[in-house]
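In this document, chain identifiers A, B, C, D, E and F correspond to the written order of the chains, with residue numbering beginning at 1 in each.
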Amino acid sequence: MPDQNQRLLTIVCESMLEPFLQEELPHLGASGYTVTDARGAGRHGRRGGAWTKESNVKVDIVCDAEVAQRVVEHINREYKQHYALVMYSTDAKMHCV
Amino acid sequence: MSLEPVVLFFVLGLAAGLLRSDLKIPGSIYDALSIYLLLAIGLKGGVKLAEQATPGMLLDGVLIIGAAILIPLVAFPILRYLGKLKRADAASLAAHYGSVSVVTFSIGVAFLAQAAQEYEGYLIVFLVLLEVPALVIGVILARYGAGQVRWGRMLHEVFFGKSIFLLLGGMIIGYVAGPQGIEPLDKVFFDLFKGALAIFLLEMGLVAAGRLADLRAYGVFLIGFGIVMPILSASLGTAVGWMLGLSVGGTMLLAALYASASYIAAPAAMRIAVPEANPGLSIGAALGVTFPFNILIGIPLYYWMAQTIHQIGA
Amino acid sequence: MPDQNQRLLTIVCESMLEPFLQEELPHLGASGYTVTDARGAGRHGRRGGAWTKESNVKVDIVCDAEVAQRVVEHINREYKQHYALVMYSTDAKMHCV
Amino acid sequence: MSLEPVVLFFVLGLAAGLLRSDLKIPGSIYDALSIYLLLAIGLKGGVKLAEQATPGMLLDGVLIIGAAILIPLVAFPILRYLGKLKRADAASLAAHYGSVSVVTFSIGVAFLAQAAQEYEGYLIVFLVLLEVPALVIGVILARYGAGQVRWGRMLHEVFFGKSIFLLLGGMIIGYVAGPQGIEPLDKVFFDLFKGALAIFLLEMGLVAAGRLADLRAYGVFLIGFGIVMPILSASLGTAVGWMLGLSVGGTMLLAALYASASYIAAPAAMRIAVPEANPGLSIGAALGVTFPFNILIGIPLYYWMAQTIHQIGA
Amino acid sequence: MPDQNQRLLTIVCESMLEPFLQEELPHLGASGYTVTDARGAGRHGRRGGAWTKESNVKVDIVCDAEVAQRVVEHINREYKQHYALVMYSTDAKMHCV
Amino acid sequence: MSLEPVVLFFVLGLAAGLLRSDLKIPGSIYDALSIYLLLAIGLKGGVKLAEQATPGMLLDGVLIIGAAILIPLVAFPILRYLGKLKRADAASLAAHYGSVSVVTFSIGVAFLAQAAQEYEGYLIVFLVLLEVPALVIGVILARYGAGQVRWGRMLHEVFFGKSIFLLLGGMIIGYVAGPQGIEPLDKVFFDLFKGALAIFLLEMGLVAAGRLADLRAYGVFLIGFGIVMPILSASLGTAVGWMLGLSVGGTMLLAALYASASYIAAPAAMRIAVPEANPGLSIGAALGVTFPFNILIGIPLYYWMAQTIHQIGA
């Protein structure tokens, strides 16, 4: 498989959403994802990471544009309104054997 | 009446936060300490239950839970109509104040130990039992008439969320293993308890300092509520404890349980079941006002209330 | 608000700069940022993350090109000379409701 | 024969994992606990060695290691020809079952303490000595005839990987400092041991729960192997212990050592030396089947075996 | 030195590869790298991060396209076949003084 | 004179680092241990102060601090003119050697406990008091004549940085609560101290191993300075201790305090106030040379010096 042009979609959100995303991402067509613990600040104020109630996770998903679109729509519909959350994406190339 | 020294650690953490010290307790240590405290309390409760359980307690339990249900039902209209909060926020706050705080309870126990007062050990069981009805009532209050609830997710979070799970799990292990079985674990789960609580309170102080900023935004009503509500609940608890014939220590602990507001189990459950409620409001009030009030002023006050009702009643 | 074209600016630096960045980023026009703990190596040698004195943080900021420019200049002026620090940026699309 | 209470913590962790509780022990706490347990066991072993070492033990040691080498040599053909596993997988599993588990050993020690049974303390030394030959044999079995091996990396991993390094390091410190020198450290390294083990087992239960899913994919053969193999190895251990004139406690511990499968040192070493082996298979069997079997059923069984052989032999 | 156009290459892999990468990356021409602890899921199933045996690291390398290519080839050759591992890259601009 | 066993943990960590073992203590555990050690020392100091404080100590304190100020003032010209270091580097190193190391002090206390020697407990207070003047002098030396200083940020870092904050905070809690109040916390803050110190030293060894590489780059002068400077400072400390009439133990502790170089508070403060100073230089010398020298050779040497001066003086 040659190198592929894809999107790198990043979701930064409240840690408590992690188990839900973990369950839902495969159904939305993501073949994998990577999670790191994060803290930060945004429209919902500072989230200092000191305890679970105010820590974030950063979820990186490399996928094709269509899946990225589906994930963004799903999250906008289900979580965006009530949870601290941002999503952004860049062009990315997946390197495979 | 002297201050419990562990409370000074809370004050130290609060000072660190407010003075912008770079002191930071790593998140994983916070998690580890809370796992330890929950397990240790569960174990202790299980052991006490194995020693003290009698059929008569069942009726007591029903009464204790029944009376506790009044708390969210009273809090909700106060918040909604007096405080003019949105329905979701009022319901979520009612759930927080209806459920209980493990750390407040522990400080009550430490206070009794210092005052050399006995108490009914099986009251620990209510750390688990009082949680569930309050959260369910909170969700019903939020959803009454409108909106659908993710009951599945929410109840899973309540029962299998780490706080109830560890309390219950510890209780079962303590009950099954009994005092002798647990004895080799005492060095970790009982002897270290108070020191671990001190370090946890340091961290709670740091977190609470961050919450005070939120409170300023929500104003005087919420601060007043965060002080008056626990006094109301504690009065109910004192009355119930006395009617059930609990000791002075037990009466005070029940009052502290009723007075305490959850900031571990309730926030997680409400975030799932009533996501439109602002978590800053409820954690701000529970952790920024009621928790410090309870451990600094409330517990000595509830102790005095318990002594007084026993003197009058006698 | 539709999807927006922005920059994703990443700053990797000594952890001890985190409180300063946290204070300064909002004044420079960043609407938010995300921080993760990191370790690494660069011109200042290995920073293994074993203790605070040699651990890094990674700060991600999604913002428009102008703000990114301002942040880069500020950090170059204030910190670049004396602190272990790199900055890089990519094109990014912010997904909003 | 009653259950060691610490084992209940493993069951609690297993339940949390299977019931999808959000209970999670932070990775850094897992690492800290395993560093603590390895150091503590090493220290204890070093102190015992300083007290008990005699030249006669050298011969015992040669016999114990010689017999242990049989384990991977028997396991390999079973896995390869009966189980039809790939050569690399069979070799890696053989290495896992040839080497030993620190936690299984510790639970054996706790079991003996509860049963008020003495044991030969210097057996701890074999936690280190049994590791190396099994891993080397595993690599040779995997590579026999084909492929090159990263011996350098692999042996570095074995000797300087944290498990052997901490066991050995602790042992040297314990030996050098002796009982009096270590005494001020007892409060941490000995008194807290059992409580720390309990919390570690909670985490092991969580991890094991995640491994059970893998197992379903690998099927009945592997589950059977994960139960029968330790019984075979334990029988060998019982025989060797009895022949060497070990006490009942010592015989049982040797059986438990032989029966246990490594899931700390072996996976790391095999991942480097035989990367084409599927780590899910070996960790699944060692942690998902053999570890629970050993601590729940095996240890009481091996104790019974040790008692029986001593009665028959007497 | 003005801003430079480079690649941001990200490797997500089993944590146990970290010491090897740490040794090899400088020889492959990377002037630096940044590592964060991660968990995730992919073709090798869930890697929950609970213990070392199933945790990941995320390694970010900003370098020119040639070095990126060399790193990708090295890792494909040495590790890709037997280890849980993905690599992806994006265009990136390095901001220097 | 036998080695304190805790020092062996430092050697083990050093070996792990140099032999490239994969042993790694998670950053959050390092942070937690250092928070614990600082709090525990502060508490102990506060309790001792509550028991021992007298007005006469005030004068002693002024003398102890006054003499300590000589240390950076002597170190600076040595570094600048003999060592040909840049002004900023010389000033930063002078500040590191002028301030003190909590862990070196703790090992001194452990050494005295093993030697069954009394000491003046209130000396702990100087862990806090000696920090500040050295750092301020360091900044003045760096900036004399040129450059502006971020005094605000720097002093905030000194006073509210976690090391001074926890020491001071612990001291206040210990003083307020007194021996009886702290007693329920003893199980955590006193009994576990030495074991926690051992694990911390393991980590310090790992970190120091990483620092040795830096040192090679800086050469012989810095290594010499890292050994000679503490001996000079310890001689001053011995003289001051003896003049103030401290016990042998107290004299030795004061010498160890003077001889020790900071690697927690000073690096953080200098990084902010004198960022152009190379932190590799000062941490390399303080942690890579002076710390091992002090705990392996220095402390027994200073003990001998204290005994000698008391014998001669008597």
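Here is the rule we go by: contacts are C-beta pairs under 8 Å (C-beta built on N, C-alpha and C of every residue); 3 or more make two chains touch, one makes a residue touch a chain.
The shown structure was predicted, so the numbers you read here are calculated from the model rather than taken from an experiment.
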Task: Compute the shortest path length in steps from chain B to chain E over the network of touching chains.
output: 2
- request: Could you pull out the chain whose C-alpha mean position is farthest off from that of chain E?
  value: B
Maximum centroid distance from chain F, chain identifier (CA atoms): A
- prompt: Distance-wise, how many Å sit between the C-alpha centres of chain A and chain E, to the nearest whole number?
  reply: 19
Statement: Note: chain D sits from chain A at a C-alpha centroid distance in Å of 39
Message: Quick check on chain E: which residues sit in contact with 2+ other chains?
response: 36-37, 46, 49, 81, 90-91
- prompt: Residues of chain F touching 2+ other chains?
  reply: 22, 24-29, 31, 192, 268
Of all residues in chain D, those that touch chain E in their complex: 24-25, 27, 30-31, 203, 206-207, 210, 214, 263, 267-268, 271-272, 275-276, 279-280, 283
Field: In the complex, chain E residues that touch chain D
entry: 14, 16, 37, 45-46, 48-55, 79, 81-83
Message: Help me check something: in the complex, which residues belonging to chain D touch chain F?
response: 26-29, 31-32, 35-36, 39, 156-157, 160-162, 165-166, 169, 172-173, 176-177, 181-182, 184-185, 187-189, 192, 268
Statement: chain B residues touching chain F in their complex are 2, 5-6, 8-9, 12, 15-16, 19-29, 110, 113-114, 191-192, 194-196, 198-199, 202
Task: Spell out the residues on chain A that touch chain C in their complex, using ranges where they run on.
output: 10, 12, 36-43, 46, 49, 56, 58, 72, 76, 80-81, 86-91
